[in-house]
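Would you mind keeping the following structure in view while I ask a few things?
Here the chain labels run A, B and C in written order, and each chain numbers its own residues starting at 1.
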């Protein structure tokens, strides 16, 4: 019952950090962790340098350009200050030996977290599986509800 | 245990879509779905053209003018861009045959979702029951906690 | 099963109000309530006039200056309008005899709520225990997961 099922809706760096810390904590305590990435949260999973994708509409491309690409480019929810605040926060956290998002994501995967990308959101955002990091499941709301029915720490982040 | 009890706190179109997709998923899987609308989330339930309401203070009227009226006028949490981004997102989702919020709300009600408006928030926001769409329950935190005690997918959105 | 375990991630006045109303409701119904304050949510717990703290870096001091200090200085998530909207909302809520955040916090503590400050976030934000109101536990993700495993209304706010 110490497992966690987390909807990662947001692309904020701080919220993504919170989600991964909770997921890794649940895994460390012997529970399961499922992260369900939806809407802006899909940007957490984007490759830094995605391959060109054929057949994308102009609109889909434009949304893709405007959204952050992957865990190293996410803004803070507060005090982003055109990137300055976010850069300062990352630097301070590194100086204090606090975890960073790419590291937490790698830890979670190594420890067996399920990372699921919401198929409906991928369509809405115009993102294709090959633009996301490898090894992501594609799923829907039934996957989220199924995972949530087996855990208690179920959060929308 | 596949039911969902969702606090809809936000008036963001994308968050409201997520809430309704989860609620409809829970209902489709045979679970219960309770949506508890509070603070800005009450704006999801507002009528497009509410009747004039007697006895509202100037402040209550002013808040009413400034807040979005109903599911067709909600902003995106991101890239709203003075309405342009939101209009583009709606158009793209329609073109891709993805669900829209008024349709999801109608589906949820048809499938038996409980829609509860938080009485304390209605007072704070200066909204009256006749300004909300018909058939909404008025309730309090005990209603939320009671519903949440019977479901697992309990989220604050 | 009517207990609540709430992650207070945000420093928004309206979200903090929602968290405390739910916590107090759970306590009134005989359940437990644990509030886990993390990231910006730590600002809810800050003293209005903290003692000077030795050994803070310039960066930690600067973050401290830029963040709101305590429950009376939090902004609304919406319509803050450089403080004007927030002041108007507080005044209206008081005029309508609705609860305020300092009162709700005091009620929660009197009724036995556990208030836990996330140790990792305190480091990231550069906040020390003596800058927070007295009687706050310091804890980590295992504390959150432990509390959440015993309650159903588990929310990320």
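We adopt the following convention: a residue touches a chain if its C-beta (ideal position, glycine included) is under 8 Å from a C-beta of that chain, and two chains touch if they have at least 3 such contacts.
Predicted model only: the values in this text are computed from it and were never measured.
Student: Please state whether the interface between chain A and chain C is built from the same residues or different ones, using more than half shared residue numbers as the mark of same.
Tutor: Here the answer is different, because the shared fraction of interface numbers falls below one half.
Student: For the two copies chain B and chain C, what rotation in degrees overlays their C-alpha atoms? Round to the nearest 5.
Tutor: 120
Student: Starting from the mean Cα coordinates of chain A and chain C, work out the distance between those two points in Å.
Tutor: Their C-alpha centroids are separated by 25 Å.
Student: Do you know which chain A residues sit against two or more other chains?
Tutor: Correct list: 152, 154-156.
Student: So in the complex, which bits of chain A are touching chain B?
Tutor: Within the complex, chain A touches chain B at residues 5, 7, 9-11, 38-40, 59-60, 63, 66, 120, 123-124, 126, 140-142, 144-146, 148-149, 151-152, 154-156.
Student: Show which residues of chain A lie in contact with chain C when the two form their complex.
Tutor: 1-2, 4, 14-15, 18, 21-22, 24-26, 28-29, 31, 77-79, 88-89, 92-93, 96, 98-99, 152-157
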